[in-house]
Structures are given as C-alpha cells and as structure tokens.
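Structure first, then comments.
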Amino acid sequence: MSLLEVRDLDAGYETGQVLFGVDIDVERDEVVSLLGRNGAGKTTTMRSIVGADEPTVRGGSVTFDGHDLLATKTHDIPRLGLSLVPEARRCFGDLTVTENIRLAANHAEDPRSIEAMFERFPELDDMRDRAAKNMSGGEQQMLAIARSLVTNPQMILLDEPCEGLAPYIVRRIEDIIQEISENEGVTILLVEQNVAVALATADRHYLIDEGHIVDEVTTERLREDEELRQRYLGV
Amino acid sequence: MSTSSSRTLGLDRLSAGGAAVWGAIALLLLVALAVEPGLFVDQFVGGLVYGMTLVLIALGLSIILGLLGIVNFAHGALFMLGAYFTYQLMALWGLPFWVALVVAPLLVGLVGVLMERLVLQWLYDEPPLAGLLAAFGIALMIQEATRAIWGDTPLSVATPAVLAQSADLAVTTVARIRLFSVVVAALVVLGVYLLIERTDFGLSVRAGVQDREMAGFLGIDMPRRFVLMFFLGAVIAGIGGVLQGTAVGMSPTMGQQYIIITFVVVVVGGIGSLFGSVVAGLLIGEAVFLTPLVLRSLADVTGVGALAVPGIGGLVPYLVMILVLLVRPRGLYGQEGFME
Amino acid sequence: MPKITRRRALEGLGAAGIAGLAGCSSGPGGEGSGSGGTTTGSTGPMEITLGLFTPNSGAFAPWGPSLETGTRLAIQDLENELDVSVGLEVYDTKTDPSGALDAMKRAVTADGIDFAQGGINSSVCTKIGTWASDNNVSYIGQGASDSLRGEACQPFMYMVYQTNHMMATTIGREMADTTDNWYVLYADYVWGHNAEQVVTSAVEENGATVVGKDATPFPNDDYTQYINNVANSDADGVALLIPGPDASRAVKQMRNQGLTDITIGAQMLEDMVFWGLDHEAAAMVDIASMGWVNTIDGVGDFNDRVAEAGELDPFVRHAKSYTSADQHVRAAVRAGSTRAEDIREELEGHEVQSAAKDIHGGGEMYWRACDHELVSPVFSATAREASAMQDDPYKQWFDVTDTTPGDDVVRSCEETGCTL
Amino acid sequence: MSRDATAGVLERLGAVELGVWQVPLGLLAVAVLLRPVVSHDLMLGYPQVATSFLIWMIIVASFNLLMGYTGLISFGHAMFMGIGTYSVAIALSSFAVPFLVAAPLGILLSAGVAYLVGRLIAHKGEIYFAMLTLAFAKSAHFVANYNPGGLTGGTTGLADGTMPAWIETSRGFTYVALGGFRIDWYWAVAAVFVVGMLLLWQLVRSPFGRTLVAVRENEALARAMGVDVRRYKVWAFTFAAAFAALGGVLLEINNQGATLSELSIVTSGNIIIMAVLGGANYFFGPLAGVFVWMFVEEYLADFHTLVLPLTEVPLARIELAGVLVYWQFFLGLLFVVAVLVSPREGILGLLKTVLGRLSARIRGESE
C-alpha cells in the first residue's frame, strides 16, 4: 500500500468544481512531482489532501499511512506525520525564526530538536531572533521547510518552493529537497511550475490539466518529450 | 525577542512630526500645571485611574477583535454582567467582595463561552459586519434580560471596609477602591502580556492572529484556542464589571455607555495590538481629565473665556481619535493590513 | 374595557352631532379625522381613554412604572367618586423624543385616546406637547424646565411639576444661609442648563458666591474629575443639579474620595434615585428642594396604596401622575367634553380641591392661566441620619424641613415669556 | 484570483440589476401598497406610521449606496440626515426662510459636509473609516447639544415654529395644502419617495454605480484598472449624504422639528441594522429592512395580549404585557437568528432562498 493514496478526488469552490477524479499515489521514500499550468488544480489538490476549509471535497478518498485524511481534522494531520509547506511559504511574519520553528515543534508528536534545525540550516542560525517578515524570500522558504522538518514528518507536501526565487537559491532548495529525501528518509510530493526543479529532484511526475490527471511519466520521458511539456505545461 | 519587543513598544516609529505634536501637548500641559498645580495633579491621577478602567474593558475587546476578527459589541454587556453578578453574590447571597471578585468574572467567562459556541463561532468566516450585528443582538438580549432579572433601578453594593475610605497619596487623595482597581488592572495587563508573549500558548495564539489557516496546518487546534481566548476576554470584562460595580454601582445601561468609548480606545491603540490598547486607554483617560483643565487654564492665561467649552470632556475621546487616525491611519500601534 | 378605535370614536361623534350636542368644530384638517374627543351623551357614565407616556426603556426607565401606578390609583378614585369610566393606554416614550412622538401619533390616530399625560424629561415633553397642541389634544406633562412654561409653552400643554425656578428660589436662600461658597455641578442637557442658571442666580441673590461650575455629561458614571475640581476650589458647598441615579453616583464617589465635610445641596431631588445606594451616601445630602416627598404631613394612605400597588416605593412621580390624571379627568367631567378647548377652559385658573391637594400637604394649588403651570408648594428637605432611615413598609429617607407656597417662588407671568 | 474577482463583479451586477421596469414598478407598488398593508387590522392597524416607513426607506437606501454598493461602512450616517433636518428646522424657526428654499440648501449643505469629510477620511481602512465617521457624528451631536447662538435648541431640539405654513395638521392627520389643493401628507412623501429612489436607482446602474461595485468587490483590481478609487469613494459618500438629507428634510415635517436623536449615533446604528437586516446586496434590501425593523418594533411594543387562534374564537389568551416591556430582547434574538441563518443576504435573501426552495418543491424538483 502506498504511503499517500488519492483516489478519484472531486473538489471545488463555490464558483465551481476544480478537481475531477484525481488519482495520485506516492510510495514511501519517493519524490513525486505534480506538474501543471497556472490554475490547473495543483494547489487545490494539496489543500484538499490536508483538509483545508476550502476547497470543498465532493467525492473520492485520501489515505495517508492507513489513515482516512478526509475524516481527520486539519490540525490533527501533522501528528500523523504529514506536513505541508504551503504556497507562498506563509511564515509568521511577526514571529522570530526561533519562534516559528518552536511553534511547529510544540504541536508535533515526536519533534526533532530546534537546535538540530539550526545545524541543518546554518543560514537560519545567524538570524534566530529576526522577525520572519524581515527575511528574504529564499530565507523564508528555508524557514518554512525547517518549520515543517522539525515536526519529524514521514512526508512533506511542498507547494511551489522555488516560486519567485533567484536561480542560485533555487539550486540550494533543490539540494535541500534531495538531502531530506535521501538522507532523512522523508517522502515528498512536490508541486511545481518550474519543470527544471521537478526534473532535478523528482522520480515520477503527474501531469494535471484542468483538474484532470492527464498523464503519469518518468523523469526521462518528461525530459525527452518536448511535445508533452508543451501541451500540458506550456514550456 | 529584542526586535519583537521594540516593535511592540513602537520605539522604531517615533517621527519628527510626532515629536512636534508631543511637544505642543507638553507645552499646553505645562501651562495648566503652572496655573493650577494642585488640581493638575488630582486630575492626572484621576485620568490614570479612569484610563485603567478603560484599559480593562478594551483589553478583552482587543483580544477578541484581534484574534477572531469579531467586533464584539456585546463586550459592554459582559462588563455589565460582571457588575450584576457582583450584586447577586454580595447583596443577595451575602458573600464577601473577595469571593465576588473571583466568581463573578468566571461566570461572565462562561457566558462568553456560551456566546462563542452558540453564535459567534459560525461567523468567523463571514464579513465582520455579520459578527457585529449578531453581537449587537446578543448585547440587546443580555441587557433586556438584566432589566428583567434585576430591574431598571440602578443598584449598588457596599464597598468592602478596607477599600471604602480614601487613600492619601501625599499629593492627592484617591478613593481606595479606585486605587485597588488600578492595581488589579495593572496585574491583569501584566498577566495577559506574559501569557501572550512568554508562553507557548501565547505563541500559538500570536501565530493564529497572523495566519489562522497556517497555524492549523502546523497542527494547532485554533477553535479551542478561540474558545479559551473568548473566555479570557469575557473574564477580563467581568473583572472590570466587578470593580466598576463596586466603585460606582450598576445599571442596565452601563454596558452601552462604555462599549463605544472602548472601541475608540482599541482603534486609537491600533487594532491587533494589545499594547496599543493599553497606551490608548491611558492616553484617552488622561485626555478626558486634563483637556477641560488645559482649556480653562488657557482661557485664564489668554483671557479668552470662550476657550473653556463646558461639557467638552465627553467629546475628547473622539477628538483624540480623529487626530490620531489622521496622523497614523492604523492607530498608534496597529498592524499593517489588519482589518483595513 | 372596550377598546376605542378610531372608527368607534367617529361613530360616537356622529351620534353626538345628531343629538345636537357640542358644535363639531373641525380643525383645519377636519373632516373624517375626528375633531377632538368624546362628549357625554345623556345616559351612562362618561367614557374617557387616557394615554400615558412613560419611559419603559432608555436612561429614564427606572421611573417608568411609577407613572403608571400613580395614574391607576387616580383612575380608581375617580371611578369611585364620579360617574366616569376611564380606559388607560400606556406607551413607551423610550426617552427619545422621536420615539415618543411616534407613540403619540399612534395613540391619537389609532387608539383614539382623548387626552395625554406623562413624559419626564423636557425634550420628550416639548416634542409631544407641541405636537399635541398643534393637533388639538390636551396634554399634561411632568417636565420641570422653565422653558416648558416659557418660550416653549403651548395652548393645550400643562405642567404638573414645580419649575426649576420655583425650586431653586426656594433652596437658594437656604443654601446661601448655610455656607458662602458654592460649586455647581449640572447635567449637560436642557434641564441641567436651566437649573444651573436659576440656582446660580438664586444663590447669588442671597449673598453667597458661586466659585466654579462644571457641565457633566448625562448619563455619566465617573464624577472623579468634577469632584477634583470641587476639592481644589474654595467651595464649601456643592450644588448638585444632576438628575436620576447619576446624582447618587456623584454623592457616593464624593464619599469614597473623602469629600465628606462638604455641604451638599440638591436641586429638585427625587429621593428614589438614592434607593439603590446605601444609607450613608444618601445621608450626605444636607439641603434639597423637592416637588413632593413621602414624609409630607397629611399624605394619608397614599403611601400605603402606592407601596402595595407599585414596584417602586412612593416618591414624587407617583404623586404627580396621580395629580395629572385626577385633574385631567375632573376637568373633562366638569366640561362634559374631552375637547382640548373645553378642558383648557376648565383648567385655566382652576384651584385644586381634590385628593391631589391633600397628597401635597393641603397647601394652595391652582392652574395658572398665563403659562399653564400647576402652581403648588415647594418642599425643602434634608436627609435623615443613616440610622433613622425607614425601609419598611416603604422607604422614608428624607424629612420635610419647610414648605414654601408656590406663589412665593413662581415667576410672574411677565417673566415667563409665555403668551397664552 | 483576478478571473474569479471579475466573475464575482459580473455576478453581483447581475444580482443588483433587475429588469428595466421591475424597479420603477416595484417602487410604485411599495408607495401605493404600504399604507393599506400596514394599516390593516392584522398588521399595525393604523396608517400614520406608513409615512415614517417611507422616509426611513429613503434614508436607509441612501446608506446602502455606501455599504451595499461601495463597501464603505459609516457609523455616522444619521449625521447627514440630521443636517437636513436641522437645516430646515433652523431656517424655519429662526430665519423664516421658506421650506422649499431651505430644503435644497439643507441637502446641499449635507452633501458639502460629506464631500469635505470624505476627502479627509474616505481612503482609510474599513474599521478606521467607520470609527472616524462615528467621531464626526459625535462632534455634530456635540455642537447641536451645545446650542450655539440658541439655534439648535440643545437637548430640547426645535419644535416651535418648525412647520411650513402649507402643512395642516389636526388630531394626527397631516395634509399638504397648496393653492386650494389639499393632499394627504403620505402621498406627498410617496411622490418624493418614488422620485428620490428612482434617482438613486439611476445612480446605481450608471457607469458610476458599476464602478462603485467594482471597487467594493476588489479595490486593488479596480485601482489596477485605472479607477481613482478614493475619488469614487468620496463621491459615493457625498451622494449618500445628499439622499440621507432628503430623508431628513421630510423627517423635519413628519416629526415636527428636530431633536438630538436625529443626530445620535444610536440612530446611525439603527440605520446600519436596518440595511443589514434587509440585505445589503439588493436594491430593495434596505426597504425590506426598514419594514421589518419598524414593523417589529411597533408590533412588539404594542402587543399586549396574544389571543389564539382568533379574537372571535378565543381558545387561549396569553398575557404578554409583562414580557413585552422587554421587547428589545426579542429584537436582539431576531438579529441573532437572521445573521445565523443568512449572514450575508439579510431577510430579503433569506426570503429568496426559502421561496426558491418552495417553488422548486412545488414543481416537484428535488434539491
């Protein structure tokens, strides 16, 4: 059984349905990406998995490590070992770096030590007492990942971690993704618009278009099939 | 922590224009001090006492507004209930003041929780006006129920003997019950500050204020915290009611009388900033007490009698608000983008 | 009790017209609108519907029940004594002139009241009194402001309460006799402004000085800053011109703040406002002018009847409501009509001989024609020692020290500025 | 995001814009039917109150131009109504200026004050804007209470000499008498109501009104599209004040003068409540709100005995007088229920939903 199983998921907002029968499987220790154009339904998928207030899930099932996520309250999900790093990072701007991390650790089942996070991300160590809103986008992204990692998750949902970041930081993020996947045994579902990041980090790729999973491909095929990329990703 | 507290203290925001305003105010105060030194001290202390009463009510309001985005119009009614519960406990059941001081606020807290669970929790995601209207309805209900239970005639309880006299502060005398109120209010402010700034619970609440959904994604049970904070806000209003009821008595209109001025305090302080509410409460308390005196002194000095406008005291909080908001659109310490 | 609807009033009017009684002189908007009230037929008791306007909500709500109790007692007595059947409709004035006006319109047009009474604060009295007069409805109010029988007086409006001027003149002398320097605290609304003027001049005419004054918001519950002003002045007396529970709060706060030696004089004190307080605070009042107090000699069983019937112990509003209903209905019975013009003819110059006079201690009481004031005695009073205050079967906390005939203190007709 | 917002704007416009004839006919129907309906024995049973209903409908509709269409919430709207009322009352009582001159002046004055205040505060954040309007309203109240030069009459207000000569009144019936003609005051108000509301409606469906809705729906987007948001807000504020003053001017005659309650923030609060109660998203929402609020207030305040099921066949009589002294309790309960059941749409929206479901059921459709 896969670690994360999304089956036949229908979801949408007041204005209309967005996801139509989405199926996604992520095996333990895999890095899987979910690719698609702007508005294809990537973030909606992520939000549906963690049970956010919106969108409303209208059908299907989401199972994580044997738990039915649709029947689990959003704030209980992190304790199952599934952690979300949301789109736009959403660090708590008025809290310091330490506070952001400590907050996440406080509400985890079996957290890692906060000091371990600073060792893991030396950039953050230098700015422990800085308010998150005074950090650069790349630093905030690292904080968001640290905040997630401190909860000692089995799996992280990473929503567009490289959006709007400078190329050298994008490479740093790519490295981090690979490290936590390979060295720390964390499973990752990555949403990206930046195909290069997905190619560099993920093993498998789901292509989503207008709320339908239209294909599931290997990294190799995605790299070679330009027509496929053009059709679904516009690149 | 250091950056965060300098932010809360607003030390990084002192501008040249602000300095000029403060300078002018200081000059006016000096004139008043020179003309009537004894009265000035009396009024200054009086303003402090009154300001702390405002702070006590504003604090709960500010917590609920800042955290839940609910304009809790019923907060004045909770304050009033604190006073009437005191009457029930002391005058009707013969319990001592110190019991009332603890029990009445807890009862008010329960009423607050009931309000939140039955009504307001369904409105968190609605426009603020929906919450305001529902809270207004609740305020009406509480007020009418109060009239039905305890009657229209204002009531009072005997001030406990230790607090009944006046305290001699060398420069002025103040009613002891008022002084006691200031001490309790200060302790409450301190307690809330420690709770919010220094505990893990406070940390999660601060996070929830900034991004409720993200806090949920991190595993924080925000609804439970909302109930607790609502309870806390109601308890504080209840404490205010006990003190006010003991000092001046209780009437079914006392909630109405205070609710609007308390909103003024919260807005002047800046929505979302507890510290702002404290500063604004004291500022408005002093302004209400000192403005008439300043005007009278000015009238004496300049010989322009028209400056001493009778009855100006009631308008002062609103004038302060206009001034503050024209200079600082978000109030003294308001958060950027919050309720804007 | 049959409810008199507009239609029924019109039928009665038609019948009356046929019977050739009472010329049906319509007002300007006459036809079909009822020209004002019922007239007696030759048989059966006279039927009158009385509209009572009383604050059941808002800042004056504590007074509300007393107006109704007083009125009902009067109706009981009238029905026993005279061949009359009086229906009572009660309306909430909400202390808001516009709300009171809405109620008045409804009372007159829909419920067919014959005449109106009630209203405590001057703004409500002015509003409904002006409207009533313009619409040919007789109205007896309870406001104490001089303007109500001065520039704002109306042809069909009457006031049953002693005026500010009368009461201030009464205690001005006493206040000046007691001590020389007075500080005036007055409520920032029409009655307070009026009281401030008359008390200040009364005090100064009698040789004392007003050393300072403050307008206090109404309603208000924190008097600290004004008490500070008093404490820092040369005053050894405070004139409290503050209505309602606020006055009691001010006194309590003076005591809490240690200002116990000062002489307190209260204009138009209504003892009811102290009943929510402890005895000690009330005992601080040294001099008070009162429109009525339940320790007047000769009150008879009125106190007991009020205590039995009402939610509130007997105080001035009971007596004034009783007097309003008593006088209004008697005038209608004498005239055999409830038309405003007819009642005016009966009331102007009429001297009170009924039970209302006994309740007021038996002094001379008469309706002055020039300003429609019920000229009646003013009572000076002082608070009892806390230990001497009676609570059962009803509260008696104040004693009458002097009674001043109304004629001694009422403004002359020329001074009022009213031209009726 | 932007696509959603645009769709939202279009949808709102759809909800707001009824067929071309629906609104004029609806307004006419309200004006003609209101009085017979409220004066029916089973309703309030007396006609005079209908005039007040119409006047308040104008006032609350003017407020809804702010709240419903522009998304501005003012806690001081009564001030602008009160300026109209006081202008006329002062002009008549102190300066003997004819009503027909004083009324337009009062409306202009109100609009002028609104324009200046709007310039100062229209761009402030929602709550801050609301509280500033409250502060200005308090100041206006203070000035009127202060009674400068004896003009405003302080807390007594103005009553004597505040009626124009062509108003005749006797035992509660008011007529407008002009050159031998005499019409009931209600019909005069009804005429002003229909014309005024039509003007307001034209304003709402003009490009100006559509821009206001766009501003409300997404201020940032409107700004990005080149709309001078602040200017639109200021003008919306000004127009709202003018219409409020129109209501205020009528109120002066209806209430015979002016009192402080016309300037009080309680009145401003009532205006908000009526607008929200009816449903701020609908042009007719405020009208429904006024009807419900005033009806309930009158009904509860005078409802002493409940006879079940009919007066003619009294099976049960319940004495309610003792409870209904506290009628505001039930008013409060009504708000709570209304807000909980339909927080955004008000009574009218609630009605629409219920009727929609009902008709669906009648047609045999399942939900």
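Each chain carries a letter (A, B, C and D) given by its place in the written order, and its residues are counted from 1.
We adopt the following convention: contacts are C-beta pairs under 8 Å (C-beta built on N, C-alpha and C of every residue); 3 or more make two chains touch, one makes a residue touch a chain.
Predicted, not measured: the structure shown is a model, and the values here were computed from it.
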Touching chain B and also chain C, the following chains: D
Winner on C-beta contact pairs when B-D is weighed against A-B: B-D
Chain located farthest away, centre of chain C as origin (C-alpha): A
Distance from the mean Cα position of chain D to that of chain B, given in whole angstrom: 32
Where chain A and chain D are represented by their mean Cα positions, the distance between them in whole Å: 51
Distance from the mean Cα position of chain B to that of chain A, given in whole angstrom: 43
Chain A and chain C, separation of their C-alpha mean positions in angstrom: 76
For chain B, residues contacting two or more additional chains: 147, 311, 314
Where chain D touches two or more other chains, by residue: 145, 328
Chain A, residues touching no fewer than two other chains: none
Chain B to chain A touching residues, read off their complex: 1-4, 7, 125, 200, 203-204, 206-207, 210-211, 213-222, 335
Parts of chain A lying in touch with chain B, wherever the complex brings them together: 50, 52-53, 73-79, 84, 86, 90, 92-96, 99, 102-104, 106-108, 129-131, 134, 147, 151
For the chain B and chain D complex, residues of the former touching the latter: 71, 119, 122-123, 126-130, 133-134, 136-141, 143-145, 147-148, 260, 263-264, 267, 271, 309, 311, 314-315, 318-319, 321-322, 325-326, 329-331, 339-340
Chain D residues within the chain C interface of the complex: 44-49, 52, 145, 154-157, 159-160, 163, 168-175, 177, 255-257, 259-262, 266, 298, 301-302, 325, 328
Residues on chain C engaged by chain D in the complex (per definition of touch): 6, 26-30, 33-36, 56-57, 92, 96-99, 101-102, 105-106, 108-111, 122-123, 126-127, 130-131, 134-137, 145, 147, 151-152, 154, 188-190, 193
